[in-house]
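Chain lettering (A, B, C, D and E) follows the sequence in which the chains are written, and residue indices restart at 1 in each chain.
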Amino acid sequence: MEPTLLGRIGYAFLSLFVITNYGLLLIGSMARISAKVQGRVGQPVYQPYIDIIKSSVKRNAISHGIMFYLGPVFRLAGGVGTYMFIPAVFGSVVFRNFSDSGDLLLVMYFIFFGQLGMALGAGEGGHPYSAIGVSRGLAQMTAFEVPFALSVIAVAIQYGTLDINAIVGAQQGGFLNWTLFTNPLAVVAAIIAFLGMSMHNPFSVVIAPQEIPIGPPTEYQANLLGMLQTNRAIFNGAKLVLYMNLFFGGATNILVMVVKTFLIYFINVFVGQAFPRFRTDQSIRFFLGVPTLIGIASVIIAAV
Amino acid sequence: MNELAKELAARYGARDWHDRRGDLSSTVVDPIRLHDTLAWLKDSAGYAHLSFATAVDNIERGVFTLTYTVRNHEQGHSLMVHADVDRANPVVDSIHLLWGQGWTYQREMKEWFGIDFPGSPRVDEEFVLEGWEGPPMMRRDFDSLAYSDATYEGRPGRVTHDPATRMQERLYPEAGK
Amino acid sequence: MRRQNEHVIPPETRATPDLSSGKYLVMWQGPQHPGITGNMSLRLVADGDTVVDCETHVGYLHRGFEKLMERRLWMQNFPLVCRIAVPEPDFNEYCYAAALEELAGVTVPEKAVWLRTLSLEMIRLASFLMWIGGQAGAFGHGTIAQWSVTMRDYVLDLFEELSGGRIYHMYIIPGGVRGDVPDGFLDHVLETMQVIKKNLDDIELVMFHNAVFKMRAVGLGYIPPDWVDKYGITGPNARSAGVARDLRKDLGYLAYPQLDFKLITGGRSDAFERAELRLAEMYQSIDLIRQIVARMPKDGPFRERLPNPLHWKIPAGETYVAAECTRGEYGFYVVSDGGDKPRRVAVRGPSYTHAVSVMERLVRGVNIADVAGLMVSLHTYPPEIER
Amino acid sequence: MSDKKIIPAPLANEGLPPDERGLFCDAAPREYEPARGIMEDFANWARSESLWILGFGTGCGAIELRPLMTSRFDMYRYGIQPRPTPRQSSVFVIGGYASVKTLKRIVRSYEQMMGPKFVVALGSCTINGGMYWDSYNTIKRIDQYIPVDVYITGCMPRPEALLAGFQELKKIIRAGRAEGQNEYARNFEWFKANQKKVIKDWNMPDYNW
Amino acid sequence: MDIKDFIAPFAVWKRAFEKPFTVKKPIDERPGAPRYRGFHINDADKCVGCGTCEAICMNRAIDLVPVEGRDAKEGDSGLRPRVDYGRCCWCALCVDICPSGSLNMSNEYVWIDSDPDVFRYTPGVEPKPWDGSALGYRRAEGYRLLDGTRVPMPELDHHEAVKSFLELVRGWSREQAEKEADRCVSCGLCIASCPAHMEIPGYIKAVRDGDLETGLRLLYQTNPFPEACGRICTHRCEEACSIGTDGDPVAIRWLKRYIADQVELADYSKALPRKEASSGKRVAIVGAGPGGLSAAYYLALLGHEVTVHEKDEAAGGMLRYGIPEYRLPYPALDKDIGYIESLGVKIERGAPVGEGRSLASLRERFDAVFLSTGLPAAYGLDVPGEKHPRVLDGVAVLAAATRGQVLGLGARVAVVGGGNVAMDAARTALRNGASVDILYRRREEDMPADPDEIREAKAEGARLVEKAIPLEVKDAGGKARFVWNEATMVQKEAGKRPVPEPIPGAIHEEIYDSVISAIGQGPELSYIAEADGVEIRRFKPVVDRDGLATAAGKAPVFAGGDLVNDRKDAISAIADGHRAASAIDRLLSGKGA
């Protein structure tokens, strides 16, 4: 039974609510896992909630003009937008969101969109570290987009569609049908790009506190910061779901989604705890090197 | 080390050679010859390492005594070269071209004692202080406590008693009448 | 990866960028900045991502120690001096005590000599442990700091047991040390060394066999050997440039002449090798501590009786006492005019050259992202610059 | 939040060159009335459980923050974490003595923090000058310059004492007694006069915002 | 870079499977180390409020404050240290220096408050959770900043000493004196205990600084007998000395002697204040002992004309006739008296007041009179046979020795009594070749004599017979057979000192060539007529605080010294003399009493 448009909107809100909470808990639990590596106990899993509440109940906030406000708004829109066009659970009505044919293009666009919006807003902050962070962020994004885009192209070619639902559908019927096994090169390139996308070590130079006190969001505070934190949860969730759908066979129920996305996200932490961070030039050189070659190879494999 | 003493005496009129320790001696030169002495020590005598440079305010004699300690690592010997400059008009040749860190010491001495080193980089800039309006604070006639009491408020409520006075008040108040 | 022959030696003269051209970005790194060691600041002029000029600004921690010491009795200065370099108070205590002892003609008992040596080596290890966390952290590797600061804490526990203080030990008092070793202390030392060594092995594996760390640190901040004398560079920074100088060997103070250790030198002289060299010195410190524990005299006095501290007068004279701290030559220049207070005490901290002159020159041409890592690799502590 | 308070007159910003005055904000801080009842309690709970420390080692107190941030004492588990920018921090830890040069930055960073903001003063030096009581370059009482919520005495206070101090701060916040921001706004002129008395080269806006 | 550089970093994950480093409950689980320097604790009963902690504290963190329920008393200022934790740096120098060892540190280190004004308290007085903490910083055994051991005073070997009347105590060299003076912490607790309230920290500092003229001037401010007092003073100051609370007190007496010894008499006038212009008033002083001569010195200094009437042929009173030469050599005493005389004080020697030169006539001729006649009359043994010719009076024996008379004590001498006179008599007898028994009613620790004197008397060979109650002196062929009853000490009333009770039947006797009775002296008041208006109660003239006995009639009469005070030592007499001199001056110059 196909729900009405109103119903779809309601379901989308529910879906968004779930992914937000899941994203927050994911961040919380990953922080705890990182803490374990560092030999400590770590913050409570629910700490991100408190942080957001705290940020939202700040009594005053400063502004640097309208664009400054729009930064987090764009970013949040980017996060929500990304998620809204990905079917989180294959076959589920509730978690289908607004996915439709060609949604992969929209998603690719939205992934950029947030980052660009943020760049605009943060630039308004007037803080040199924001500016440096923005330029680093954009430069690095451009770099990791290359292998990422290549692997997405490979997937699109492989499945002959830009409909994520269709891509997931093509991977059903046993894990050997997953892109992971059908086009491993594309997955490798995408995963490496993913490390850059989620700004974990060694690609955390954008927000490196030791160099440019947390970069673009330097000037953001209060509810704007709360917005950014919320977005972080949604955006992470969206990217994870996208990766799961494109490369790991999607999910047929929410439990599978949780397990798969958790594991994908864990790759970040697994690598991030082991390495320091690259300089911007190094990370660009890195992305444009081996991962890009792998991406090209995956496209070629998919094409022939 | 006596040869060095003689050599320095002959070349730069160095005097008052003291062996403070087996590996530490001191000597005095005129401030006008300080730069040349140090340059010769650095380039020709193997005293290539400048440990530190500082000044002592000998207010009683009306001079600042500059101290440059250089070390000869090959011979394991340090030499403190002193020079007295007039307190009223303290100007000394800069050594920033001899040692790369020399200008920092000179900046410090300029700010802390008021000794000028013309030509030294950033020598007139503030070094550790900011907005300082008092006299150079390492001079002996600057009273830190008085300045602190006048500038920074302390926490009230402190009072102390002298034991002897207290005992006199309590035990033999009649004395000293 | 750059090779050694690719080292670019930063220009000696400062660049004079036209700031009004709009081509350059001026920014302050510090004092409120997580990437700065302690509380100081750098005014960086960047052209794109590259620093073209740097000015150091110090004095945020200036407390006027040298003035305060002229106001206090000789013994009253003993609690004061350790505050000059917070992470390594003991070198202050030792240099000050040794200078006084030399001027007053006091000989320190044998046991105190060994306990002082133990104390200095322990703090050397602790300081290096904190530094290694900072070095890894400056390149974004937070895990190392999480481990190593805890290891440092274990050393501080030992200090607490020995001296009653965690950060400011106030243990090396003029005349000797303040207390004998508590029961079982030497065993605790050995156990702790075991734990730290094990953890250092992990750090060595994770940090020094790390592709990203190598990419960041190799070739960064090359110090040519001829700078060593030119800039008064000492300690691991000089040894890494291949200049074999270690005051522990050169001056032979305390019990060092009786201990068996080798001078560690390098030659590549970049941030990576300086880190490696310091790691080797940490292992060496552990070894030295074990040697000291094994040779610690069992009995005997640990402190020479000095005159009443309220009236203690020290004969007129001057001296300069130096010791090899983790960063290099740490020294106290003490002048007495025969009174009960010092005439002048000047403190020579190695950061004075490393963090100001050397830093300002090395940072020219460096990527902004590397400034923090470069600064940490010189191992600087601002409080000893400004006192 | 209710905005019933009268908005104070603009500040003169006399420390700035005339042509730069327009570049900076001239608004004086104002008081914010707490929300009422359970809302404020809930907000205070969140504030107390998410203490973000400004990463500014103003003095030697910073050295004991290291163990606190790292695995041995692990302050993250109490919801405390360092934050590199004042805009996002809610707790300012004054690490002991403050030299005049640092005080200027302390004031500036403090004013840049978003309220409600809390100040924890470490060590004796913040209470009554500590061992630098006769120094020409360090202030004696930090409460003359910014409002302080909790004092932790010690030289240095051990990390445990710091943790205990943070627990105390949490209690105060939950009880709604940590109104340093409003106190600062209320006594702004007094604080500013004290600050300007010691910071001789006042070359920043009167309120850094 | 090789493949290991990509693989090895993942070894961080090893840690994830190990126990975290984190301390679970840091505040509860990690008390301070046993030596931790936490908050101060103070044993307020042991503390004497000397303020040495305050002096050493470089942070000025310590104040001395009055404490409720603790008033000043001798050797305790009643003040207690109050620590400001807005200043303290936990260096524990105060603990290391504390003379009494009362100040320590607990291992407690958490103190948090939002009120900055609470961080100060008086340890041991205001209760704190960490009071009585067993752990925490204590100074190491045998390690103090202060020296608890006195510089040894060179003394004649006892075998040598008994052979002659040479001075026993040799005095210090400059180095020794400065070393001893260095032990002083200048707390000033001693000043209150000195009857003359001498400026003790001041002159000790003068010794330290080598500025002996200042030292001498400080001595003469309150005491014109530094040579004498520097040798034989009862040094109550040393009992109050804060250093003595845990160690040997500073040898204040010897330092005083050192100053006086080092300055030549000829240089005295350079150091000491000059006489004021003559006031034209005349004062008569009866008795040239320490009390009388002190009064004379201060009166002369104030410009009055002073005449001292002395019954004996030499001035000095008990200092000369009661104290043997080996303790106070006559040249030293003569130096003190000589300086007083040099100010124009007239001493009429061999001029007793009484018949022919009555007190009334003095009051006629002078503007004021000061009586300082001391206690010249010895008490008898008060037992049957006390009039036996071989029963001698201790004071008389000492006076005879001073005069150089042949004593003829014989080979075996008993000295009855436990005071300083008894010890002096015994040691004089020893120096005359006798073997000496000292018999005392109570135990050694009850003896009123100076412990040093008892120790030295014993060291020189005197035998001490404790708890001996004299019963009778019998004649034994010209010698004396001394009979005593052994006693036992009985605590009769709680809080009072025990009383000797004779043990029935435990009678001992011994034959002696001489029995020297030294159980106390009384005054000689026959020269005071009833008409003089001096009230006498319990054998003492009654005086007010200034020493004024009567102002009625002609010239006012003051009295002081052993004659009126209970302490009966030279320094009290000197203090009386000084006080009376000030009062007389006020009276004479009309400044009001």
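In this text, a residue touches a chain if its C-beta (ideal position, glycine included) is under 8 Å from a C-beta of that chain, and two chains touch if they have at least 3 such contacts.
It should be emphasised that the depicted structure is a prediction, and the values quoted were computed from it without experimental measurement.
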item: Given subunit B and subunit E, the chains that contact each of them; value: C, D
item: Relative to subunit B, chain with the most remote C-alpha centre; value: A
item: Per-chain CA centroid nearest to the all-protein CA mean; value: C
item: Chain whose average C-alpha position is farthest from subunit C's own; value: E
item: Distance from the mean Cα position of subunit E to that of subunit D, given in whole angstrom; value: 59
item: Subunit C-subunit D separation of Cα centroids, rounded to whole Å; value: 31
item: Centre-to-centre distance between subunit D and subunit B (centres being mean Cα positions), rounded to whole Å; value: 38
item: Centre-of-Cα separation between subunit E and subunit A, whole angstrom; value: 89
item: In subunit C, residues with contacts to at least two other chains; value: 33-34, 59, 62, 64, 67-68, 71, 79-80, 143, 146-147, 150, 168, 206, 210-212, 215
item: Multi-chain contact sites of subunit D, meaning residues that touch two or more partners; value: 55, 70-72, 74, 77, 84, 101, 127-129, 131, 133-138, 141, 155, 158
item: Junction residues of subunit A, two or more chains touched; value: 35, 37-41, 209, 213, 273-275
item: Full enumeration of touching chain pairs; value: A-C, A-D, A-E, B-C, B-D, B-E, C-D, C-E, D-E
item: Touching residues on subunit D, where the partner in the complex is subunit C; value: 54-60, 62-64, 66-67, 69-72, 82, 84, 86, 97, 99, 101-102, 105, 109, 131-132, 134-138, 155-156, 158
item: Touch list for subunit C against partner subunit B, complex; value: 14, 55, 58-59, 62, 64, 66-68, 70-71, 102, 227-232, 234, 245, 250-251, 317-320, 322, 329, 331, 333, 335, 343-344, 346, 348, 352-353, 356-358, 361, 386
item: Subunit E-facing residues of subunit D, complex; value: 71-74, 77, 121, 124-131, 133, 141, 143, 148-155, 157-161, 163-165, 167-168, 172, 177
item: Complex contacts: residues of subunit C adjacent to subunit E; value: 1, 72-73, 75-80, 143, 147, 150, 157, 160-165, 168, 170, 178-180, 182, 202, 205-206, 209-212, 214-215, 301-303, 305-311
item: Interfacial residue positions of subunit C with respect to subunit A in the complex; value: 25-27, 33-35, 49, 136-143, 146-147, 150, 206, 210-213, 215-216, 367-373
